[in-house]
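Heads up, the next two complexes both have subunit A, just with different partners, subunit B and then subunit C.
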Partner chain A sequence: MRRCQKIDFEAFADMQPSLSPAQTSPRANLAGWLYVSPLVLVLVPFFVAPILVVLAASFFATDGFGGLTPGFTLASYVEVLHSALTLKLYLATIKFTVLTWIFTLIIGFFVAYFLVFHVRNQLLAIGLFLLCTVPFWTSNIIRMISWIPLLGKEGLINQVLLGLGVIRQPLEVLLFSDLAVVIAYVHQLTIFMIVPIFNSMARIDKKLIEAAIDAGASRFDIMRLIVVPMSKSGIALGTIFVVSIVMGDFFVVKVMSGGGSASVVSAFYEDVGVLQYPTAAASAVLLTLVLVAIVSLILRTVDIRQEITR
Partner chain B sequence: MSAVLADMPKTDMSKMVAPATTKAIAPSKGGRPWTFYLLATLFGFYVIALYGPMFCIYVLSFQDIRGGLVFPMKGQSLHWFVDLFTQVRTGDVKGSFDRSIKLAVIVTVITVVVSFLAGLGFRKRFRGDTVVFYMMIGSLVAPGLVLGLGTGLLFQALGLNASWYTSALGAQLSWTLPFGVLVMFAVMSRFNHVWEEAAYDLGASRWQSIRLVMIPVLAPGLVAVALFGFTLSYDEFARSLQTAGSLNTLPLEIWSMTLNVTSPSLYALGTVTTIVSFIVIGASLGSIVLIQKKRGSSTKG
Partner chain C sequence: MKSDRGDIELAGICKSFDGVTNVVDGVNLKIADGAYCCFIGPSGCGKTTILRMIAGHEDPSAGEIVIGGQNVVGLAPVQRRTAMMFQSYALFPHLTVRDNIAFALRVRGMSKADRLRAADAMIEKVRLTQFADRLPAQLSGGQQQRVALARAAITEPRVLLLDEPLSALDEQLRVQMRQELRRMQQELGITFIHVTHTQLEAIALADLVVVMEQGKIKQAGAARDVYAHPHDRYVAEFMGGQNVLSGRVEKVNGSTFTLAQAAPDGIEVPLQARSTVSVGDRIDIAVRRDDVALVRPGRELPPGCSTSLPSRVLAIEYQGYFVKVMLDTVPDDAFVAYVPEKTFFADPFTVGDVVMATWATGSALPLA
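Up next, the complex of A and B:
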């Protein structure tokens, strides 16, 4: 069924004409800026300025007690880049990010697919969708610690496995391990995959799928040639959320690994704790650069603005 | 990302889930394909894994004084809830609870107003809109702890005291506003411009058309923005850590408890804060449904 591939799905996305900024009048520019000015007035002091402060601090010298001497030195960067620990931290962070991304993507994709294509009753689909989203509006920390009674050495899972005779001794790898970290991430972040993928899938015209079936496409063909390509923007958006949250996280790693593992940001947190601001700032700047690189790579595959404002 | 959330109970759901007529994907009658059962099982497991652990700590928080952190449950009592609000060693739960609610209310109000205005602004292209847009996305994906530290250092450099109602408020807004504006995008994309133009044709001023046409029509979406504003602020942790000053918000209190409290009072706190979240979620979703219902009956009658 190679024929299906010939349909240019991208053409559909570009059908809406949009005014290019160059064509706007000065009056429209002024009105636009007036409307977004409160937003800008918050983001400049609380997003742009803090980033610049961290950038500046990464070049400063320190007396080792939290005092900063304004100046320009690359000492902190040299220290961070020369440290063998840095590579280890990045590898650990990338490992957690990739594992979490794979699991959230698989679960999120199929949960969204189930809701959009398999639930016949619309109200039921909405209800089930809400059921998936409600925990998003509750505390992350509480949801994380709620795994303790399950995964612990004397936790429910070990008790059940011992009771069934599957294992002789309680499994210690369940809690305070890398496994627990990934479980907690997947538990918290799958929702960030479900919502955007659900949105893209819901916009797929069912007639397209009917046409594919009439043309003799198999279920696998429909998935490969229609559903996956047309959910691409949702997948990209979900990926941005999951990757940026995992890479910026420190408390899941700290609590769920029991101190056994560290990530880039948890090391940053330790540095801040001992008042090593320039080192912490330098590592934060590096992390931000890595994040920006990853996010812009993803943005090249999808026009996020077009996607969101549509 | 929240198009569906904001517009959930609207009647144009037919756009989202079209009447299914195909056999392979979602048959409207007759047998279901094997993939249905497979995916239904996966969905079931997902929901159990989503709620199961939370349910465990709610149950365990009702143990009596012998209670520990794991099953089996030892007795039943409200001991740990009382312990939570009376013991000094668990810190200032009551005060932080109070502060978190106040802060969340302030954040909610600002988030709704600012997101609504930004939503209006982004409807038309203007010079530099892309800069503002990506600034917002940047604020959303930036590591919270790093932003928090930057804000803390900034306040220090300016000689200002960090406190929950200044630096932490701003830090939380940098997190709630992008979500609010994204929800507004979704809400606005369903708004029919004809209504607004009709208001102008009838002689309405810009303010009148906003107040009498847009706000009532967009009310469900604004409630959704408020829901995001409140819950994201109430549970915000990473950005508040370096900016809250000397007095803790509730998530910071929970964080310090996870590091040194090993009694079910931690679970009791989890139960209490989740109840608050559920009340807010229920009230928001309930009022969205109510608005839609009212609208449905008034257009029919």
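Up next, the complex of A and C:
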């Protein structure tokens, strides 16, 4: 986000090529800083400062009882990187991330596609779109708890399957399992796919679809050659949302797996619980680096800035 | 499908979107194979709807559309072998010029090498070779128009449908692209149907001009017929270049009749073979603006002129090779004379001058 801020400022300066730099540069500079000041005022105390604190803490030593000794040691990083648990947790988290991403992408894409291209009435489309947000009228915890009557041992699905004679014993795998974790993630995060994809699809000129039909394209061709490439920026944005939320979560994993699974964040949450601040901070810095790498990879594939200003 | 002919017959086609009003109301028309046909009319007259029905993007509520002897209603555009060039072009913004043009071949399953070869040949035909790898946004309006034309033409359709193809261009480019359209049409030898609201465009390009109003065809014919011999007041006023006057028939005498008007002796109008006129009828007549001569009061009328209407000059516009003189000859309608530049400046009028507007009797045309 700091990067964006810098780029916007440069863009502003570029907009004034005709003015001679010697005369107007200070004024243009001032105006530029004024433009970005609201963002700076929010980002510096609430984003930059905490990151710096965590970064500093990751290099401090600890007395084991929550006390920090200022200094510079890589001990925490060595500990985190040497632990076999770290790799295991990253693999588990990446598994959840990939599964959630696949399902939210498929569901989100087709919901957006339906809303944009199949609902003729715009009012109805907006109404259906708002309907997608209904689950968000209640809290995260209630949304998770509400899966219990459906997926639980005595839950609806087991009851039905038992009643139909498909199974003899209730399925244990439905609740408090990895399956439940993925279901809860997909339930929570599909909207983050729908919104940006809907947005970029809605900007596709309907005449393009007609032109493709005129050229003899089938429905599948239109989706493959026109709709998907032109929704790329929405897909990339949704992917960033979903990936960063899943990788930064510990709560859903904890609740929906019944404590059976853990994620990267749940490990350093426990570190904080036992006052191991430097290792927690080191894990947090590592996770941030991994996420930055993933997001820049996504941005490298899709030029979101260019697509949005198109 | 077997037929390669691109002759079109519209038989009683109607289109209604709401089930109440007909946007297209019982249109019958025959368009010959290889003709350049222009539909012209004000916006909302149904011309684009007709085009879209021929293209297969809209189904008629009633009637038949026959292309090359086959009723195509209900068929997809590909099966009709028509191709459409959209208003504002609808180029695929994420594909290069080459991929845009090759798109139809790609979805038809042609191999990559073959379709790129065909696309490159077409790109050369529309003179865009150096732009083949650009995206549409990097092209000028005229270049985009050529891409759209090439994209539509690459499937070798038997009918090419153009929806206001020149409206997004500026004046100079429009004239230039107009010639290019005509050249492409002759080169491809297929039927072009072109929708426009610009009279000059229609008469410059078309073999067949179809003037429409409120879902109905007002007149269809060769450009010169429609311009010089409009059937009725609407066509005369819409195509322009005509003064329309109305009046009551005072007397009918042999080959002419006289229209009561502000003129001392009325207006003498030749009788047309097809029209029957009787005394007392209210009738419209048209006089071409370039047939009107202006004479100062008291001077002798030019030979062949029997009618002269006293008028005051309201405004004068210099148009280069002629001068447009606006007169108050008739109370409610505009009356304009196009005076050749040299004639005008031999004895120039000024605003407020009183002149006699006159024309050769034979050039007045009674309207339906």
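Going forward, the second predicted complex is superposed on the first by the 263 of 310 C-alpha atoms of A that agree within 3 Å, B and C clash if a C-alpha of one lies under 4 Å from a C-alpha of the other, contacts with A are read in each partner's own complex, and residues count from 1 in each chain.
Here is the rule we use: contacts are C-beta pairs under 8 Å (C-beta built on N, C-alpha and C of every residue); 3 or more make two chains touch, one makes a residue touch a chain.
Predicted model, so just to flag it, every value in this text is computed and none were measured.
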* Three-chain arrangement built on subunit A, subunit B and subunit C clash or fit -> fit
* Asked: Regarding the shared-chain residue A:82, is it in contact with subunit B (first), subunit C (second), both, or neither?
  -> neither
* Between subunit B (first) and subunit C (second), which, if any, makes contact with A:168: first, second, both or neither? -> neither
* What is the contact status of A:221 with respect to subunit B (first) and subunit C (second): first, second, both, or neither? -> second
* To do: Considering only the touch criterion stated at the top, classify A:229 as touching first (subunit B), second (subunit C), both, or neither.
  => second
* Once the shared chain is lined up, is A:148 touching subunit B (first), subunit C (second), both, or neither of them? -> first
* To do: Compare subunit B and subunit C by how many residues of subunit A each one touches, and report the one with more.
  => B
* To do: Examine A:208 and indicate which partner it touches, taking first as subunit B and second as subunit C; both and neither are also allowed.
  => second
* Asked: Looking at the superposed set of three chains, what is the minimum CA distance between subunit B and subunit C in Å?
  -> 5
* Looking at subunit A, which of its residues have contacts with both subunit B and subunit C? -> 205, 210, 213, 310
* To do: Please name which positions on subunit A make contact with subunit C in the complex.
  => 205, 207-208, 210-218, 221, 225-226, 229-230, 310
* Contact set on subunit A toward subunit B in their complex -> 18-24, 28-29, 31-36, 38-40, 42-43, 45-54, 57, 107, 110-111, 113-120, 122, 125-126, 128-135, 137-143, 145-150, 152, 154-156, 159, 187, 190, 192, 195-196, 198-199, 202-203, 205-206, 209-210, 213, 219, 222, 237-238, 240-241, 244, 247-251, 255, 265, 268-269, 272, 277, 280-281, 284, 287-288, 291, 295, 304-305, 308-310
* Asked: Quick one: in the complex, what on subunit B touches subunit A?
  -> 1-5, 8-9, 13-28, 32-33, 35-36, 39-40, 42-43, 46-47, 49-54, 56-57, 60, 69-71, 110, 113-115, 117-118, 120-122, 124-130, 132-133, 135-151, 153-154, 157, 170-171, 173-174, 177, 181-182, 185-186, 189, 227-228, 231-232, 234-235, 237-238, 242, 251, 254-255, 258-259, 266-267, 270, 273-274, 277-278, 280-281, 285
* Structure fact -> Touching subunit A in the complex, subunit C uses residues 55-57, 76-78, 82-84, 86-88, 90-94, 103-104, 106-108, 137, 151-152, 155
